[in-house]
Structures are given as C-alpha cells and as structure tokens.
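Below you'll find the structures, each written out as structure tokens.
Next come two complexes, and both contain chain A; in the first it sits with chain B, in the second with chain C.
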Partner chain A sequence: MTDAAIKVEDITYSYGDLQAVKGISFEVQPGEILGFLGPNGAGKSTTIKMLTGQIAPKSGLAQILGKDITLDDPDIQARIGVCFEEKNLYLSMSGKENLDFYASLYGIKDAGSVEILRRVGLADRAKDRVKTYSKGMRQRMMISRAFINSPDVLFLDEPTDGLDPVTSASIRNTIKEEAGRGAAVLLTTHDMFEADELSNRVAFLNDGVIVALDTPENLKLKYGKRSVKIRLRDGAGVREETVALDAPESGELIKAAVGSGEVLTIHTEEATLEDIFIKMTGRGLAG
Partner chain B sequence: MSLTRMFKIFRKDLALGPRSPIFMWAIILPFALTFILQVAFGSLFSAKPRLAIVDQGASEITASIKQMDGIELTLLDSADEMRAGVEANDFDAGLVLSSGFDAAVKSGDKPLLDLYIGGESLASNRIILSVTTLDLVRQVEDSAPPVDVRVENFGNEGLPISVRLVPVIMMYALFIAGAFVPASSLVEEKENGTLSALLVSPVKASEVLLAKGLLGTTLAFVMAFMTLFLNDALGGQPFLLVVVVLAAAAFSSVLGVAIGAASRDSASMFTLVKGSGIFLFAPVAFYLFPEWPQWIAKLFPTYWTIDPIWQVAVLGKGFDAVWLDLLVALAIALALIPLIRLLSIRMQRKLVAE
Partner chain C sequence: MSRTVSRASIVSAIVKKDLVEFSRDPLYLFLSILGLVFFIGFFWIAPNTVNETLVLGVHQTGMDALFEEFEQGATEAEGLKLVQFASEDELKKVVSGDVEYWESEDGTQRFFRDKAAGDKRPEDAKRVAVAIGIGFPEGFLEKTAAKEKTTVTVYSDADVPAEIQGAMKSFVREIAYALAGNELPVTEPAQENIILGTDRAGDQVSLREKMRPMLALFVLMIEVISMASLVSSEVLTRTVTAVLVTPAKAGDFLMAKTIYGTMLAMSQALIVLVAIGAFTAENWALLLLTMLVGSVMFTGVAMIVGAAGKDFIGTLFYSMLFLLPLMIPAFSILLPGTASTWIRFLPTYGMTQVLTGITAYGLGLADVWKNLLVASAWVIVIYLAGLFTLKRKVESL
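And now, the complex of A and B:
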C-alpha cells in the first residue's frame, strides 16, 4: 500500500462547549474517493476545515501528504484543492479571470484555464462575468477552480447540491477523472446515490464520531436485507412475494413463486446507504 | 510571507476597482468636492482682471504688473490690436505706455495716459485696474499719496476660506481612498466567501491584508496629489511633498485595514466608519476655524498626517516643520499593527465559525 494522502488519527475539535468532532480516524489513499456521509451538524465541514488548515485540531494528528496540516505550510496548501459548499467566486470577474487569478497564486503561469473550463462545459462562457452564470454553471466553476493546481488531494463539500441531474452527472464524471489521475478525494455529501456511485469507501459520521467506515458494497452486505421481491398477477389479482436469499431453499422458493402466476416485476431488496445510516444512528442523512 | 502573492492580490483588486462603486466614488469625490467648494467659497468663476499693455519703452509699470498675481497681463505690439481686444471683451482694460512715459512722469510733465475700459467688463475689475494703474504711476513719480490710509479688517485674518478648505477635501480624499476602499474590499471578500477560498490556497492572511493596505495607499496617494493639484497647493518642495502625502496615504490605509478586519460585514463596517468619522475628521475643523485652540487638534491621530501636508503644500514649509509630525504618525501606525494582527486572528476564527 502507498503512503496515505490523508491521514487522520483521533482528531477532535470544539466550538466552545460544543464538541463537534470527537476523535475520528481514517486514511485516504491516492486515487481513492472517500465519501463522508452525515446529517447537518455531524462534523463533516469541521473535519474539512481542519484538514484544509483553516482551523487546528484541538488534539490528534492530521496529515496531508505526510505533512502535519497544523504547520501552516504553503507547500501543503499548494497541493490541495477545495470546493466549498458556498459558491465563493469573484462575481465581477469572468470565469477565465477567476481561474487565471487563482492559478497565479499557485505560481502557475499558463494554467490552461480555457481547457479546464472546457472540461466542465464552460469554455464558451469563459469571458463572461461569473455574475451572469446560472447556479449550475457557478458550481461547475467551483469545481474547475478546485482543479486549477492539479491537486494531489481534493476536498469537495457537497459538490452537486441542488443541481439538475445532467449537471450533477457531468460533475461526477469530472471527479472520477481526477481520482483516476491519482488525486485522493474527500467528498462530503447528503446524497446517498452520489456517495454510492463515486466512493470507493464511505464513512458515516454522526455526532462527531465515525460510526461506520467501509466500501458501500460491504456496508450493504453487512447491514442490508438480502431478499427478492416478486410482483405477480393471478386469478385473485396482483400480489407480492418476498423471498429471503440467505436460506438454503431460496432457489426453490423463487422458482415456486415465479411459477405461481404472471410475473410483473422482480427486484432485489438491497438496502440503500441511507437505510443503513438510519439503522445505525436512528436518524436520516438529511436531518 | 510571499510578496509575489501579495502583489497578485493587489493587481486583482486594482483591476476590479473600476467595477466597484466605492472605488469609483473615491476617485470622483475629490474632484466633486473641489468643484463644489471652489464654486461656493473659492475663485473658480471669479476670473482675474485682464489688462493689455502696449509698452513702447520699458516702463516700470509693466514690470510691476508682471509681478502681480492678481492681474492677468497680456503684452501687445500695437495699440489697434489692444483696442480691438478691449472692444471684443478679450481684455477688461488696455493702456499704451509711450517710449518716454516714465521719464515724462518723473520730470513732472504730466503726460497723457489713455486707459481703455471694456464696456462688458465687471465694475470690480475696472476699479482694480484703474486704481492699480494710478498707484503705479504715482510710484514712478516717486510721490506719496495725498492721504494716509488706515486699514481696518473685519472677519478672520489669515488665509482665505478657499485655502483653509484644502485640508477638508484632502481628508476626504485620503479617508475614502485610503481607508474606505481597502476596508470595503476586505469586507466584500468576507461576505462573498472569497477570503475563505484565498486562505485555503497558499495565500496567508497577512498577504491579503498587506495587499489591501497597498491598494489603499496607492489610491490615496494618487487622489491626494490630484486634490492638491486641483486646489493649486503643490508647495515648492516636490520630494518632501511626496514623503508627507505618502505617509498620510499609508496611515489612512492602516486605519482602513483595521476597520476592514474588525468589521464582520458591510453593515458593521458602515457603523464603524460612521462612529469613527467625527474622530478622524475632527482635526480639519481647526484649519477652518483658526481661532479655536489649536492644541486640541493634536489629540486626534489624523492631525499628525494632515498637518504635514498643510505645512508643506499650503504654507510651503520645509522638513524642519514636519519631522515631528511624521514621527508621531509613524508611532501611531506602528502601534496599530499589533491591533491589526489581533483583529486578523479574530477575523479568521469568525470566518471558520460561520
């Protein structure tokens, strides 16, 4: 295994008396996407603020690319990219001017801003002021700004929040490309489908602690219900039968059910990440 | 800290300036104030009396009028040209000094002097030109006036109000450009969240604050010089003037950065500006009312930057008159730096907590 791009050991943070993060630990490898799932107030944003050097953990170890983030080292900042939940762009500047300015702060002379904007579908609006962009376009600008320095570590805070499905899909593809390039990605989201689609692993964060950390597949296998729901029509009307998959006689039971009438639909009863989260914490992700 | 990154932010702010109403206000205000105050109290529309002289000799009268600031003199070659000019109201008055005029006056011959007065000239200008001419003839004759004149002044003695208003306009130029522009620029970065975006890049908070300070200093320096130029108050020592104006511009921008760092948003910035405005502007009132006890002005920090400008640009004084002021201003500015550092830490904490 290569060295972790993000290494967190037992970090804590408090806002006055309120302990927002209560000793969490995890690692993210280069090229890996770790989905951080949790409701509002779970500690996701505080964790990102600690890992991007905006605040220092009260205790514990937080390393980015092998360096302690609390050292306030510009070399670390130069190798990370951050996409905030709030859209914080220079509205009076054009998309290209925004990217060129940020690139210059990283010492990049020719950032290829137009090419980056092309990746997120904004090349034809590169010279327009950002204030004229739609919400989706601004979000794509945020993503492209996070990529401007080809970061080794990406922090993406709700990157597709409130966007239409087409824009969301486009942004997800771009995130996958960045991970494919070798960037470690820490993705916070409320969206279970997004986390499921993008993440190599997901961490469930609740009340400042990680309650589960594994691949989506393993979590579903571990906490989900393995069954098949068959919808049938026969002389008595439409009915549903649910067959558990873990029993030795499951195959026979499915065969019997399918033969007992006209099959309308067959679905596996796989749990969603939200189902699992609710099961583990007693609260939903949107809360 | 990286000066390169600081200059990048400064350049960005300078480029965005014309897109900001407050930046544009800072540029327009000194022009507008100068115009308004000159119209109200100054001499913008009260032109000097215009006199044309055809001097066929080398009269002492012409030489004396050349030395006078209050008369606009034009020397012509022919009497016809002068008469045509007076008729066309190009001049308020005109006279021909013949080649032996001064000698004839001195010998007591009482030569004829034709004074041509334009019909459309102002009565005040006619009187000024007539009285001045006769007085100068008497000087050539070397004779005393037939009466002793006792002059009694009413109102304030000293500099005219139009000159005493220069510190007021100067203070506006310095405060709006030097303090308000960097403060609002910093607050705007906070409100739009762009400051948070900068602080997760290699940029440090100190680089952002320095860039804002440099923006204020540059703009205030340019606008202060424009104000002095517009008010014809550039003094006689250009290098010293640059020093005192630069010191005042830098001082204003230190105040601006402190205000920007202390303000959470635009509303709190305006409250702070309104609250501190009287405190900052108080010293200029003492230039308007010289009969007030002048030592009170020294209790206000901005006095120590505005007074050197007054001394050098308006009164034409040298370094001896301003070095102490500059030293006090520097001490105040240095004392503000730890405060700005504390405000910067508080600002970053608040940004993260929001």
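And now, the complex of A and C:
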C-alpha cells in the first residue's frame, strides 16, 4: 500500500457547544474514491472544511499528502481541488475566464481551460458569461474548476446534487477519470446509487461519528440479507417466494422453482447502502 | 504536481479579476460615470465670483453733510457701499425685495424696478442687492444732540446673518452716542486692523473653489459604495471561500482589495480633480499624496461596509451610515461659520483642511503638514479596522 493521500486521526471540531465532528479517523489512498455518506448535520461538510484548510481541527491529526493541514503549507493548497456544494462562481465572467483566474492563483500560465471545459461538455459555452448557464452547466463548471490544477486530492461536496440523470452520469464519469489518473477523491453525497457506483469504500457518518467504513460490497454482505425473490405464475394470479441463499436447501428450492416452468422473474434481494445506513443509525440519509 | 506561485502574482490575479467584475457591472459603471459627469458639471456651474462688499441702504434727512463724508469714506474703503434712499418706504421696499434697485455702470443713474407692476429690466445697468438698511427719523441730529429719545429703524432681509444685523444696531448706537457729545470710553489702536489668523479679506475664494475638496470626497464616497458592493457580493456568494482553498491566503485577498479599492478611488478622484482644475505645477505632488491618503481611508470604510452589508440595499445603508458623518467637514467648508468644535474630531477633518488649503488657497506642505499628519493617523485607524473586520468575516465563512 502506498502512502495515504488523506490521513485523518481522531479529529474533532465544535461550533461553540455543538460538537460537529467527534473524533473520526480514516485514510484515502491515491486513486481511491471514498464516499462520505450521512444526513445533513452529520459532519461531512465540517470535515471537508477542516481538510481543505478553511477551519482548523480542535484536536487530532489531519494530513494531506503527508503534510499536516494545520501548518497552512501553500504546497498542500496547490495540490488539492475542491468542488463546493454552493455554486460559488463569478457570474459576470465567462467559463473560460473563471478557470483562467483560478489557474493564475495556482501559478498556471496556460491552463488549457477550454480543454477542461470540453471534458465537462462546456467547450462551446466557454466564452459565455456564467450567469447565462443553467444549473447543470454551473455544476459542471464547478467540477471543471476543481480539476484546473490537476489535483492529487479532490474534495467533492455533493457534486451531482439536484442534477438530471444525464448530467449526473457525465459528472460521475469525469470523477472516475480523475481517480483513474491517480487522484484521491473524498466524495460527500446523499445519493446511494452514486456512492455505490463511484466509491471504492464508503464511510457512514452520523452525528459526527463514523459508524461504518468499508467497501460497499462488504457492507452489503455484512449487513444485508442474501436471498432471491422468485415470482411464479399461480393459476390466474402471481405468487412470490423468497429463498435465503445461505440455507442448506436453497439450491434445491431454486432448482424446483425453475423446473416448474412457472417462473416469471428471479431477483437477488441485495440490501442498499441506505438500508444498511438506516439499520445502523436508525435514521435515513435524506434527513 | 507542485508549483510555486508568488504572493504578488496571486494579488495581481485577484486585482485583475476585480477590475473585470467592476467593468461588467452596469450599476458600478453607471454610478462611477454618473458621479464623474455630475461632479465635474456641478463644479463648473457653481458661481466663481465673490462679492465682499456690504451694501447699506440709508434714509436720512438733515444729515447730508455727515453722510457725504461717510459715503466718501465708504467708497474709498473696501467692503462697504452706501446707497441713500429718498424715503423710508422706498428703503423698506428695496430691502424687502418688493422693489429692485439698479444702478448704471458708472453709478450716476439710479433705477427702481417693480417686477409685480411689470417694470422692464433697465438697460445698461446692474442690480445692487441692498440687504440691510437704516432709516433715520427727521430731526435725528437735533434730538440726539439734545439727548432726547428717538427711534432709528434697522431694516434687514431675512437672509442677512444675525452678526451683521447686530453690528448695524451697534453702528447706530455708536453714531447716536458720538452725536450726543460723548466720547467713547474705548480707544482704538493707531493701526487700522489687527487680524488674527489668516486674513482672507480681498482674498476670499468662490463657492466653486470651495467645492473642490467636497467633490473629491464625493467621488471617493461613490467608490466606497462600488467597492463595498463588490466585497459584499464576494462574501455572500462565497466566491472568496473558493479563492482561499487555492494557494491564495486571506492576506492576499485583503491586499488585493486594498490595491483595487485605492486604485479605483484614486483614479476617479484624480479625473475629477484634473477636470476641475485643482492641479497646479506647485501642488500636484502634495495633492497626489493627499488623495492617496484619502483613497486608503475610504477603502478601509468600504471593507467595513462590505463585510457588514448583506445585499445592495444593506450595503447602501451601511455606506451612508459611515459616509454622512465623514462628509460633514467638507460641507462645513462650504458654509463657513457652521463648523462646531466636534467636527475637528471627525476622521475626514484633517484631510478636508489639507485639500482646501492646497486647492483653494495654494498652501504648501509647510502649511498643511499638521493636518496631513492627523489625516494619516486616521487612515491607519480606519484601514486597520477595515482589514480586521473583513478578515474576521472571511475567516468565519
């Protein structure tokens, strides 16, 4: 295993008396996408704020690329990319001007802004002012801004929130490409499908504490139920049977059902990440 | 990939971005251009002459010799002109403005114009405004000499300052006292006048010239609103947060705002000062320095306002809250005699005095350095307050 791009050990943060993050620990390796899942107020955004240097942890250790984030080292800021939940773009400037401006803050002279915009499907609108962009276009613009410095570590806060399926799919592909070139990605999202599709591992955050951290498959195996649901023709009606996969007679039951020639559909009954989250915390992700 | 980027490059990139945003905001542009055109136009429309002569209307009978002597003296002396009227009613009408009094250019012909009666404007004549007059009753000399009581009426237009009205009453009392054969118990010094402070007699400046410092401050004020709106929008939309997760630090952001605000305010103030003819070969360096001091002061104000304002209306409200008191010293220059002692404690007092001294009276550094020092001290206080307020706001996002 290589050195972790993000290393967090027992960090905490409080807003006055309210403890938003209560000693969480995790690591993200280069090329890995860690999905950070949790409802509003769970501490996701506070964690990102700490890791991007916007606020300092009250205690604990937070390292980005082996450097302590509290040291305010400009080299760290030069190697991270952040996509905020708020669309904080300069509306009176064009897409290209926005990217060129941020590139200049990193000391990049020729950022290839149009090429970056092409990756998110905005090349033909590069010279238009951002205020004329739709919500989806602005979100793609936010993503492209996070990529402007070819970051080694990417923080993506709800990157597809409220977007249509096509735009969301396009953004997910771009995130995969970034991880593919070696960037470590910390992704916060409410979307279980997105977390499942993108994340190598997911962390469930609830009330400032990580309650589970593993690959989606392991979490499903550990907390989900292994069964298949079989729908059979039953005279004029339809009958459903659920067969547990771990039972000794499972094979025979499925074989019999298929052999009856009455099977309409067979589906595996895999738990979703949301099911598991609810099971573990007693609350949903949307809350 | 790790790159190094200098602080100067970051600051310059933010300043460039701010200028692009400024140039694309129709409201900022409108305010700036309107301000420039309005202030320059206003200056050139304002009167450029100063009338230092007090015109005193008099009606008397039996005192011709005395007033001939007075009139001769008044003509020779600067600042007093006597106009005699045939009747007290005529004097009263002229002072009250019901009838206008005109004189030919050489002063030999007199005209009375009753506008209400439809009288036409006299040709080759100029109007003489008689704002105060004294009506002496018949037998005034004799009665006074006999120490009998008599009544003298002082007529005064409502606009005449109370001090002048009071002076006229004293003037009448003094005449009566002298005519009654009493010697004044006070001896005047042999020399004519002892002026304490700067004697502006014969060297008064016109309203137009007095407006120069006020206009310069007005331009800076407009720029406060523009810059505060820009800062406020950057805070509210949290674009500043996006900037601060790059290698840019809060200090770079604040430095960029200082440079941008100072540059913008100063450049516009300079345009106005050049257009209203404030620069001379002698004063340009001192004027530039003063405007730099003023621009930094108002940039500090803009930072405080920008950090406090939640929208354009809020920004406008906070701008006015700060700017109106700061404008008072400039207004007091326009209205001499209105300045109270507390005005000296306003942050813009020193700067206004310096600007007035330089642009209206041609003073140099040796004359204005104390006020310039006071202005600089205030700049440090206000600018540091602006930096602190905005830094706290930015870091709290």
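One rule holds in what follows: the second predicted complex is superposed on the first by the 283 of 287 C-alpha atoms of A that agree within 3 Å, B and C clash if a C-alpha of one lies under 4 Å from a C-alpha of the other, contacts with A are read in each partner's own complex, and residues count from 1 in each chain.
As a working rule, a residue touches a chain if its C-beta (ideal position, glycine included) is under 8 Å from a C-beta of that chain, and two chains touch if they have at least 3 such contacts.
All values reported here derive from a predicted model rather than from experimental measurement.
> Overlaying the two complexes on chain A, which is it for chain B and chain C: clash or fit?
Aligned on chain A, chain C clashes with chain B.
> Where does A:15 make contact in the superposed view: on chain B (first), on chain C (second), on both, or on neither?
Only chain B is touched by A:15; chain C is not.
> Applying the document's definition of touch, where does A:187 land relative to chain B and chain C: first, second, both, or neither?
Neither chain B nor chain C is touched by A:187.
> Answer with first, second, both or neither: which of chain B and chain C does A:228 touch in the superposed model?
In the superposition, A:228 contacts neither chain B nor chain C.
> If you stack the two complexes on chain A, which partner ends up touching A:88: first (chain B), second (chain C), both, or neither?
A:88 sits against chain B and chain C alike.
> Figure out whether A:104 sits in contact with chain B (first) or chain C (second), or with both, or with neither.
So A:104 meets both chain B and chain C here.
> Touch check for A:53: first (chain B), second (chain C), both, or neither?
In the superposition, A:53 contacts both chain B and chain C.
> Is A:62 contacted by the first partner chain B, the second partner chain C, both or neither?
neither
> Once the two structures are superposed, pull the chain A residues common to the chain B and chain C interfaces.
Correct list for chain A: 52-54, 72, 74-75, 77-78, 80, 82, 84, 86, 88-93, 101-102, 104-107, 145.
> List the residues on chain A that touch chain C in their complex, please.
52-54, 72, 74-75, 77-80, 82, 84, 86, 88-93, 97, 101-102, 104-108, 129, 145, 149-150, 152
> Give the list of chain C residues in touch with chain A in this complex.
Against chain A, the touching part of chain C is residues 1-6, 9-10, 13-14, 16-17, 20-21, 24-25, 237-239, 241-249, 397.
> Which part of chain A faces chain B closely enough to touch in the complex?
Residue list for chain A touching chain B: 15, 49, 52-55, 72, 74-75, 77-78, 80, 82, 84, 86-93, 101-102, 104-107, 145.
> State the interface residues of chain B toward chain A in the complex, per the touch definition above.
2, 4-5, 8-9, 12, 16, 19-20, 192-194, 196-204, 348, 351-353
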